[in-house]
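One chain, chain A, links the two complexes that follow: it is found with chain B in the first and with chain C in the second.
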Partner chain A sequence: MIVDTKDADPVTMVVPPAPKARASLLWLVNPRLAVGLTILGVMGLGSVVLPLFAPADPSVQASYMRNLPMSQAHWLGTNALGQDIFWFLVFAIRNSLTLGVVVAIGVTIIATIVGLSAGYIGGRFERAVMLVVDTFITIPLLPILIILGALIRGNTSFLTVGFIIIVFGWAWDARTVRSMALSLREREFINMARFSGANTLQILVREVFPYVMAYTLVGFINTILFAINLEATLAVIGLSKVEVPTLGSIIFWALNYNALFTGHHVWLVAPIVATVTLFLGLFLTSTGFNQAFASKRGVA
Partner chain B sequence: MGVLTYVAKRLGLYFAVLFIGLTITFLLPRLMPINPVDGYIGQLQGRANGMLSVEAIAELRANLEELYGLKGDLFSQYVNYLRRVILHFDFGPSFTYFPQQVSVMILNALPWTLGLLLTATMIAWLLGNMVGLVAGYFHKHKAASVLEFVGILLYPIPYYILAVTLLLLLAYVFPVFPLSPTFPVGQMTPEKIGMIFYNSLLPGLTLVLAGFGWNILSMKALAVATTEEPYVTYARLKGASNWTRMTRYVFRNALLPQVTALALSLGMVFNGALLTEMIFSYPGIGLIMRTAATGGDYNVLYGAITLSIIAVATAGLVIDLIYPLLDPRIRHK
Partner chain C sequence: MIRLCDLKISYRIGSRVINAVDGVTLTIPDGSIVGIAGESGCGKSTLMKAIYGDIQAPMHLSGGTIEYGLKGADGRPVTPATIRREWFKSISYVPQSSMNSLNPVIRIRDQFIDFPGTDSNKKRVLERARDYIGRLGLPPEALDSYPHQLSGGMRQRVMIGLATFFQPELIIADEPTTALDVVVQKEILMLLMDLQEQMGNTILVVSHDMGVHYQVTHKMLIMYAGRVVEFGDTESVFADPQHAYTRMLIDSLPTIGDDSMRGAVASAAGAGGDRAYRVEAELIEVKPGHFVARPAARDGAPA
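Showing the complex of A and B:
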């Protein structure tokens, strides 16, 4: 179903008629989104299903002979720690994706609450909140994470790393949500709801949130990207939980055991290829959604 | 009047950022369950084979707490900390290189980081914006989408992947650059400067490539939107050439949000620079941080992070203060 782009009433644009809901999903399809979703689908499914068939826990060291070449038994060979590179990579993608999704859920919740309330309530409250938000955006994140990593290294679970990323990562999204809320505040249908006697909470939940949904989805995917990237970055410099296979820790071990000097390319190239593919998939999905929503709103 | 309000607001944000940043740095280690003094005493104990007496340890602890500003209640520690950092830029001595002052170590590393970071960011920003402008202005041509494709490919790749890939490609597969760079110290001679330049090329290239993709994509989006503006159509009808329209009409207007975006993303850019230094063993703040983090040298860590916050906030302030020169709307409001 193609939505009439000249339709000026945002409410009807956001809430398509219910019976046609299945058919209406067709407007979403564009090449970018298709490629992105395919990559994500394959990698996501693979990383969830494959670990069930894993012959051994890849994070256990010395399961196999060290530095085996690629073979039938070990598709990508084994590394200098006696771990199967292929299975380590599969678990790494799963763990990284899980972390990304968990962080994205946390960040989206905080950012939506903060952003919506700031943009909608306005006044002194908004100025105070935005000051904090801008500060969090401006402060370079990595040094703070390095200190935290150095302080709690070893004594933390993998999920704590995610929690820390949530605490320091919500600001950018909150800023986006707030600027959307600002533009929404002036729209007719919001005034309409207010004159009909809806209170602030009702307006936020029933009128503003559905409108913001599309952006939230895009922001959600971008946050997954951000979180995976950040954890991997910390892992590469050895300040995350490096015993847990992630896209960063695999590179940490490879660099630590001088895979470059010893000519052990697969150990480095495999995670690089996997990371680039995954990130490209996530990025294409988010821009694809963006494009789809934009064309639906009649912007592009 | 408009400029004054603008500057005042911006200065307000600057001090707020500094204040909140310094407060976070102050509170973080104190909220943690780990006490660096305990760790240090443990280290000394290990070296002395546990021969230290209880009194000696108590004295040592008192000395260390005095030295590292851990005396008194939280509030007086805080006031003390702010005074030391703001007035004297004093972070105490380094644990690892004991009598060496942290501030000296950091100030020695700062020019390295700034040199690499500023050059790379400027190049990435200018190049990215130019490519993005062309891609956006000619967005109806097929060739322009190739340019955008470069951006799409480059943007989502994380810094560390770029760094490792470049290292793999340009130092291992095609040995153009050294695998582990050397940076000479001491008196600068032309040869040494050449060597530094050569060794900095690879980390610099990583930073440029990393910043490049994002700039292409955002500039392209802005340029597409600006090209549709009525004043650009008017310029075309007036008979202005493609070049004039692209540079004087589209570029100047699309540039403004890019300047703001640069100021906002400085923190990210700085993160990338730190990481690049760590991976390429480039002797800047990032490398100091890494060594300090692995060695548990907390004074150095706090010094480096404080300096990072100050540096990023100040750079953001400078960019935002230049902004009115570019945007007449703020000057004439």
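Showing the complex of A and C:
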């Protein structure tokens, strides 16, 4: 399988890498990952594309008659506020996903940088950083969020909620990444990298990061779950910006108007089904990636 | 040519100071394989680290000088302060535990490419690397593998490949064949010898195995308690060991059918943990190119 590269035509030599890269990507896909990515793809794409065709802003109240049953015009009927449930749900998934991804990006970047540097550099720097991290971990999250939510309720943007979740969510991941870096620091291959003349930054980026990358990706997905979950919790108890459609705010309004007792089940069931499906998609993707990374290295 | 002059390396922890290398004066000629032997804790690895230029707290260069006789990229002679820039270019290191010295989640080829200071054209580097590991007796596919897919001997070959890729003038091999079986051990050592012959560089081999030293090295350096006991041509050292400690090391090589050595070794070495020998820092030349530590008054061991 050796291609004699010396005699090969320079043009043909450029070609081989492309199919190789495609093949190696296909190699990644396992059934679990495929199902997870499909669910995420459908929900993600649907919630991004569909709003462009929305007949009206679903968050505006009294656009339609109230409490209409399911029909051609309103696939899931309308709610007690005169909003179309289907369109409200589409916007809710989009907003929740956006929030989840934004929070996950923020958390992952902060956690990886803080964790890697604290674990690898060590010494006084590590002690100072870990003091901050441990402080954030020990802060009881929900009571703080309830107080904060009560304070800033109404005069905050939806993304501020995301920002607050980032502030209180990065510390755990940072601790995990740091513990990985801590054990890596003592490995012989890191020493070897240093002996070959690499500086700290190069070692972190080239040697340590590939090691924690698989975890980082899975952690990223888990953080999306965490963020959506937390925002929904806050919304259900009315502390997020409930005018903005999210998976939690639908449930908030449905509960507020006693959907459960007035027999308006679709209003309550639809967001729950959507949330569960979304979580299932994220979960399958996360474990699917885990499996794929393992099989890529030939250990599973 | 590496010239060590009254080199003293110490470890400092709090107020405790341990002189791991205690006044070593030595000239290592170019283009030879030098074997370093001595018991654990005699300062071999510390000396190697110091020559490599990896002096980090708690390790301190507390006295003496190291001259490399090399010129850096800027044309000035390399000193311990600037040796870092030459790492893996004109001085490189083959580590003890080859099993763990390759990043397990990165393919071998990427570890070649990742070298700081390599050509920016990855394809050209890869081609050269593929060509090069072929010469080391590795199949070209080895380059596309993860380290855990290779055997211990193959991994050590990869390490040697990485260390010699830029044809360094000095290679430090710290027990390069530990944990390998004797057949692979021999292959690896032959590989090192072949490479040395082709490149004409200097290799420092640390090993506990006197048989390895006898087969591979041109010169022998025997260390004890941070000092040089004996230094000379391997032939001469083995044929006519001058110091009692050297004699004991050589005698520790078992001979088939001769079990008279059993039990004798431990008593000669002073198994009680005391230093069995007193070694002076000063060397005297007993024969051309064969040095031995000046006998201490109490010791009187050398013939």
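The definition used in the following text is that the second predicted complex is superposed on the first by the 271 of 300 C-alpha atoms of A that agree within 3 Å, B and C clash if a C-alpha of one lies under 4 Å from a C-alpha of the other, contacts with A are read in each partner's own complex, and residues count from 1 in each chain.
In the analysis below, a residue touches a chain if its C-beta (ideal position, glycine included) is under 8 Å from a C-beta of that chain, and two chains touch if they have at least 3 such contacts.
Just so you know, these numbers come straight off a predicted model, no measurement behind them.
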item: Partner chain(s) touched by A:206 [first = chain B, second = chain C, both, neither]; value: second
item: Partner chain in contact with A:137 - chain B first, chain C second, else both or neither; value: first
item: Chain B versus chain C as contact partner of A:233, first or second or both or neither; value: first
item: Which superposed partner A:196 touches (first chain B, second chain C, both, neither); value: second
item: Touching partner for A:68 - first (chain B), second (chain C), both, neither; value: neither
item: Dominant contact partner of chain A by residue count, chain C or chain B; value: B
item: Partner chain in contact with A:121 - chain B first, chain C second, else both or neither; value: neither
item: Chain B contact footprint on chain A (complex, rising order); value: 131-132, 134-135, 137-144, 146-152, 155, 225, 229, 232-233, 236-239, 248, 251, 255, 260-261, 265, 268-269, 272, 275-276, 279-280, 282-284, 287
item: Chain C partner contacts - residues on chain A that touch it in the complex; value: 1-2, 5, 13, 187-189, 191-198, 202, 206-207, 210-211, 297-299
item: Chain A partner contacts - residues on chain B that touch it in the complex; value: 13, 16-17, 20-21, 24-25, 28-29, 32-34, 152-153, 155-161, 164-165, 167-168, 171-172, 179, 264, 266-268, 270-271, 274-275, 278-279, 289-290, 292-294, 296, 298, 301-302, 304-305, 308-309, 312-313, 316
item: In the complex with chain A, residue positions of chain C that touch it; value: 52, 54, 84-85, 87-89, 92-93, 95, 97, 100-106, 114-117, 123, 127, 130, 140-141, 146, 148-149, 159, 162
